[in-house]
Structures are given as structure tokens and as C-alpha cells.
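Both complexes shown next keep subunit A, but they swap its partner, so subunit B is in the first and subunit C is in the second.
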Partner chain A sequence: MAKNHTRYIFSMGELKRKDNSIAFSNEKGNFYIPIEDTRELYCLNEVSFNTKFLDFISRAGITLHLFNYHGNYSGTFYPKDALISGDLTIKQAYAYMQSRHEVAKNIVLAISKNIYETVYHYYRHDKKELKPYLDWLKSDVPKFLQKDISIEQIMFIEGQVWSRFYDSFKHFLPEDFVMNKRVKRPPDNPINALVSFGNTLLYTKTISQIYNTHLNQSISFLHSPREGRFSLSLDLSEAFKPIVVFKTIFDLVGRKQLQVTKHFDKSLNYALLNEEGKKIFIDAFETRINETFMHPRLKRKVSYKHCIKLDGYKLIKHILEDREFTPFSLKEKM
Partner chain B sequence: MITGTLINYYFHCQTQCWLHANRLNLEENSEDVRIGKVLHEIKEEKSKQTEIKIDNIKIDRITKDYLIEFKKSDSDPEAVKWQVLLYLHKLRQKGVERLGKVEYHEKNHNTKTEIIELNDENEKELLAVLENIQKLIDSPIPPLPKLENKCKKCAYYEYCFI
Partner chain C sequence: MKKDTTNYNYVFLFYDIADEFSDVGKYRVAKVFKICKKYLKHHQKSIFRGSVTAANQIKLIDELKKVIDKELDFITIIKVLNSGSFSESTIGIKDKDSESIFI
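Up next is the complex of A and B:
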């Protein structure tokens, strides 16, 4: 399961420092996690640990993401040596005052373009009913976004892009996965459960990537910085949702690797992935986010995960050098 | 106050110099920089004398005759020369006269050394350089990077060319 420096812990147990390794122990015994090739640790169940352990992973620069039993995100433990730049934070706040609308519009445009690419695949495979939505994404959305509109209007367009996207599932997903309505906390059906779990995973991945830059996690552009969360992570993850989260869902559901009766918790009306389901999902999610391709501008191989950090760099360039911020595009691969 | 790292970067690459001076230090992820840091630590362990901090400069080692700077490779001797001249100049201001010595610790234990002397001529030049660096780092935006071979292994490559 471990790929590219990320480790997931699914069962209950204890994490501790054992010499210079991380040891996970439960009634089944001790498991060792080599510290040198770990960058992120995900705890998806009840896990206990002490400050000696936290100090150890902090020195190794590992971020620890914690989830409760229901798969809800609880928080992240950060190493102390963060790349903090007061100077950049001041300029980031200034950019928020000066160009919030411009950045927010570009994020919504990127969501819409990346959804277009994702949905177009099904249109090409004979799902002609998708045509009106595709046309709307291609011509109407950019037109709306060109107008001089308020942040509320920008967010309204974003809402429309997503809700019409969810509505389009009925044309290409099996019936038991069709979404009638996006419900978040708690999700009320299998597809909502997948979307929530996937979005949360992507959100934590983005937190780890932003952590490797000097950006301030709380000053965001599309989402309100008032949300009291790491709202910049919500902003930067948006463009990657269609690519990473939804493509993973569509593949797993389309190939019947995830099934309602087998991989969801029946006692909760199938509104929660069971452990087996989480494992399948995370495995596919990790494969997807670590998929590499040639970056046309940098001329080197990058993964989607790495591109989240590169979007962070683009945002820094906007903040420092007033360069336009254009989030990752699936079509242009940069 | 201009540090040894900054004057080194100024000769190596002005974009890097600006970014570093403006607290955008991206080296954390660079393997080369990590090797450089480890090399410093190992050298420190061997010699009982540890790194010395004077004002805002860090001197690797100082002996009766020499101020010694350790480097991983001799890829940019010009930049190292100015870094050492800055240190010698700072020491002179404290009334300490030394010769500079750079030790390049390359793979296979090949150690090359180079002696650098601070004289009136290069001291004058140094002061002019320091003034130019101050002007550069005070400008509101970084200079545009030019793609060169050395860029490919720089920690700032992705930031510069994205």
C-alpha cells in the first residue's frame, strides 16, 4: 500500500519510536515503518502515541494526518521547522485585497475546464446526453466569469458547475451510484461517501504540499479566509478534484471494483465506506495522484501531487511578481 | 547585513540571491544542499573546533594562519572566492588577519585547496559588490532568471521556470 512516502494505518493500535524506526503495534504484533522514506502518515482509526513519538517524526519532517473512525478529518500534526515567511504572508494578504476576484475566477475556470476534460471522455464514448452540459462549460462559464461580478456571484457559478456535474453522473454511472443531491456532513449515500472521503484525502495532500512552500495556509482567495480552516488548501485542491478524486471514483465504480453491497457499511445505509472499501479507494487514489508525466514547461517528469506544489509556486509568483495565477490544466498538463 | 551565503549566491545567480534575501529559501528539498550541510557537520565533529559565528557570518573553521571554508564541489570558485573575501574583511574589521583557504571535499576523498588573500584592491572591489547586492535585494521584484545548465539542479529551478 505504501507508495511514494505515504503510509496509511487502518487498524487500531499504538505508534511509537523504536530505536530509529516507527513501530506500529497492536494485538497482531509489531510492524516497522522505515522513517527515511516516509513523508506523510495517515491514521484512519483510533491510534495512540506519545510526545517522544511526535518529537521523532517532527525531526524527520513527517506530517501526521488524523481521521476518526468515520473517516472524518480531525487534524494534522506539523513538524516545527515550517517554512515561515512573514514577508510573504504580508504580501499574500495584500494580494488578497488587490486581486481576490481575479484569482478566484481563475480557480473556478480551472475547475470547469478540468471537469470538461473528464466528462468529455464519456461524451466521446457515446453518452451524447452530456452535450448541453459540455457546451455550457465551454462557452457560458468563461463568459460569466469575464464579467465584473462579485465574489458571491463567482461562488454561485462554482456551485452551478459542481451541481450540474453531479447531475450528469446519471448518464454514465451505474444506477446505484447516481447522486440525487450532494450531501456533505454526514454523507447520505454511497457516492456522497466517496466524494467526501476523496475530497478530504486531497485536502490533506494539499496541506502537506503547501507546507513545503512559504504560503500562509489560512489566506485564501475563492474560499473565505474566515472559514477558520486551512482554506488555501481548499482553494488549491479545487482544480485537482476532477482529475484526482472523480477520475478515481469513476474508474473504481465503472470497473465494479467498488460495489455498494460489498464495500459500504450496510448498518449506516451504505453511506460510509467500510475498511475494505477504504483500502481499495486509497490504493487507487495514491496510484492516481502519483501518476507521472512530462511537464511541458519544466521538461521533467512530475506527478499530479507534485503539481499541487507547483501551483503553490505559481501562486507565490502571483503574490511576489504579479504574474497571472493559472491553476493546473488537465489538457495542457501544466 | 549581507551574509556569506548571499554574496555567494550573488555571483552564482542573481535571481537566487534575491529570493534567498527575501526569505524564499527553497533549499529544504534539495539533496545537494543536504549533502553540503551534512559535510559541515561531519567536519565539525572531526575537528574539535566548531563553526564560529561573528556578527552575521558563519566561519567553518579558523586556525593560526587560515580561515577555512569547506565546499562540496568546485563548481563555482568565483562565488566561493567572494564569500571568503567577505569573511576576511569582517575579520580584519575585528583586528584579525588571516589568509583564506577553501577546501573542496569531492567524492573519493580528493581534497583540493585554494588560498585566497585579501588585499587593498580586492577589498575595495568587495565594498562595491556589497553595495550592488544591497541594491539588488531591495528591488521590489526578483530579476528574471535566464535558463542555464546550472539551473537544472538548483532548488529554485521549478519556482523560476514554472
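Up next is the complex of A and C:
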């Protein structure tokens, strides 16, 4: 197993500082979490803690992600920002004014390229119905994006890429998981639930990675920075969605490791993963995001998670040195 | 002998602290436990394990050296390359899995 610095808390209890480490305690007793080996904590159940604990994990640089009962993201406890750069923030805002279109276009292009790689796998395995969509991704999308278009038009293309992608599920996923329409808040069928949960996990992972750079979380390029959340994280996670979230979903569903009747909450019309389903999904998600490969330029092994941070660095290079920002590409592995 | 330059990233730590004879011994057990749980996962009563970086291994050993009584106590650290380089079988009760990412 690759190195894993994340813990997911599924049981009820109390997180506390015990001596110089973390203890999770409930009626079963204490469970010790080594402070030096943890970077992220996810609370997916009722967990209580006090300021002493928060102060302690803040000093250790651990981010704490909180979720509500339905598995929706409710927020992050974020250690005191150690990497602050006023200079970069000003220039990031300036870059937003100057080259928002360019960056947004590159993000959409990266999404379509990574989706292409993901879907092509199924085309190669005799799902010829996918051809029109693949051709559209390969030739039409870059052509549209070359034109001088407004940010709304860029976002429209992004929407089209995604909705046609969801539409293509019917060709290679089992019938239970076909998506009729992407529905959020709350999702109303199994596949929507998986997509929402996966995107949320990726979003929180990206927040933790951006935290390790000097970037300002609220100035984004593709998404409108007015939304009341860390929208840069939405931007940077986009290119990784097909690779991390959707590949995990396709694998689990294709191999029948996740089944509608077994792993979804029946009382809510199968529109919510139950606890076992969540565990299966998170386990596969963690394995995938920690999967390593040879980085062609760095000449060493890196994980997808690390590549999110590298994308952050690329964006800094764009902001400070005006280098072109090209998000991670599955084909080029960088 | 040539110096061992291998990078070990996963360790098992076993300790025997002489706690039967005096109250001081009992305090030492608590101290050793305290230090170990900072870096490693608690596996069995006096056994810890987990992946730990080379730098943290040095820190861990230094901290342990400060609290133990070198005449009485006994700590073994077995180092392996990574968590994939050994196999494991368990007999009897196993009510908590210290390695699991879920709690």
C-alpha cells in the first residue's frame, strides 16, 4: 500500500489531544492516531472536539474536513496559514484580470483531453457507439476553444463536455447506473450520488494540496470567484475528476464491487451511499489518488495527489513568470 | 562492516520495560508509550508498527533513549523497506485494525 496520511472517522466519538498525540475515544476505548503520520482527518459522523485539540492539530499542520449526516461537505478546519504571500495574491488577482480566458480555456481543454483518455479505453473494448463523442472531444472542442469567446461561452463548452460525458455512460455502464440527468443537492439516483461524493472528496483533497502552496484559495479562473467557497480548488480539481473520480466509479461499478441494492440507502430511493458503500468507495479512491507513476520531467515517482500540488506550482509559474498554464494531462503524465 | 544505507520506511517496535520492581518503572512504561504513539500505530499491548520516515525514525529513537533505563529496559526495532515487503497472519481476536484508514 502506498503511503497514506489520511484517516476517515466513521464512528461516533470524541477527538482529543492526548499527551503529544491524537486519541479518538468512544465507549470502545481509545484509538491512537499518530500525529507525525497524519496529514488529513475526515469526520463523517458525529465527532466532538475542543479548542485544545484544534490548536494542537493546527500546529502539526493537519487539515480537518467535516461532513454532515448526508455526506455533504460542510467545511474545513484549516491551520493558520503559514504560506502567505501578499505579492503572489496581488499578482494572482492581476492574472485573473489579464489572462482569465487563457487559463480557463486551458482547464476546459485539459478536462476534455482527460475525458478522452478515460472514455477511449471503452471505445477500444468494442464500444463503437462512443465514436461521435470522442471525435467531438478531439476535434471540435479545441476548435471552439481557439476562438475568441467570452467566459460564459467557455463555461458553456465545459458544461457540454460534461453533459455529453454523462450521456455516454449508457454505452458502457450497467443499467442500474445509467445517468439520465446530472442532479445535485441532493442527488436523486445512485450514479449521481457517486459522482457527488467523489467530487466532494477530490475537492477537499485539492484544498489540502493548495494549502501547501502560496496560492490564494478564493481567486479562481474558470469558476466565478464570487461563489462563497474556495473556488480555486474547484478549478484545479477539474482536470483530475475524470482520472480520479470517474475511473474509480467505473472500476467499482464495472467489477460489481458497488451494487445498487447492497451499497445504497434504500429508504432514500438509493440516492445515498450507505456506510459500507462509502468505505468501499473511499478505499478505492485513496488507492487511486495515491497511485504512483514515473513523472517524465521530474524523473521520479509521484502520485496523482502530488500532481494536484504540482498543478498549483504550474499556476504560480504562470502568475509570476507568465508561463503557459497547462493542467495535468493523463496522456503525458505531467 | 559497511554502513547500512538502505532506506527503511516501515518499522515494528517492541518494548519490554522493567516495571515490576518499582514505581519509577511504571512511569517509564507510560513515557515510552507516549512517545511511540506519536509516530507509530498501536498494534498490540507493547507493540507498535507503521510507516515512518528516516528522519522521524531518528527522532523517535532519540526520544526513547532519553527516557529508558539502559540497564533494565529492552526495545527492539525491526525495519523493513515498506509495508509491501512482508506478509502477515493473525490468530485469535482482532477487534481493532490499526492500519485501516477507517476508524
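Criterion: the second predicted complex is superposed on the first by the 330 of 334 C-alpha atoms of A that agree within 3 Å, B and C clash if a C-alpha of one lies under 4 Å from a C-alpha of the other, contacts with A are read in each partner's own complex, and residues count from 1 in each chain.
In this text, contacts are C-beta pairs under 8 Å (C-beta built on N, C-alpha and C of every residue); 3 or more make two chains touch, one makes a residue touch a chain.
Just so it is clear, the structure is predicted and the values come from calculations on it, not from any experiment.
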Partner chain in contact with A:L310 - subunit B first, subunit C second, else both or neither: first
Greater subunit A contact set [subunit C / subunit B]: C
First, second, both or neither for A:S85, with subunit B first and subunit C second: first
Subunit B versus subunit C as contact partner of A:Y94, first or second or both or neither: neither
Partner chain(s) touched by A:S21 [first = subunit B, second = subunit C, both, neither]: second
First (subunit B), second (subunit C), both or neither touched by A:I282: second
Partner chain(s) touched by A:Y69 [first = subunit B, second = subunit C, both, neither]: neither
Touched partner set for A:Y8, first subunit B, second subunit C, both or neither: second
First (subunit B), second (subunit C), both or neither touched by A:E36: second
Subunit A residues touching subunit C - in the complex, by the definition given at the top: 1, 3-4, 6-11, 19-21, 24, 28, 31-37, 279, 282-283, 286
Residue numbers on subunit B that touch subunit A, as the complex places them: 22-25, 28-29, 141-142, 157-159, 161-162
Residue ranges of subunit A touching subunit B (in the complex, touch as defined): 83, 85-88, 212, 214, 297-298, 310, 313-314, 316-317, 320-322, 334
In the complex, subunit C residues that touch subunit A: 9, 34, 37-42, 50-52, 56, 83-84, 95-96, 101-103
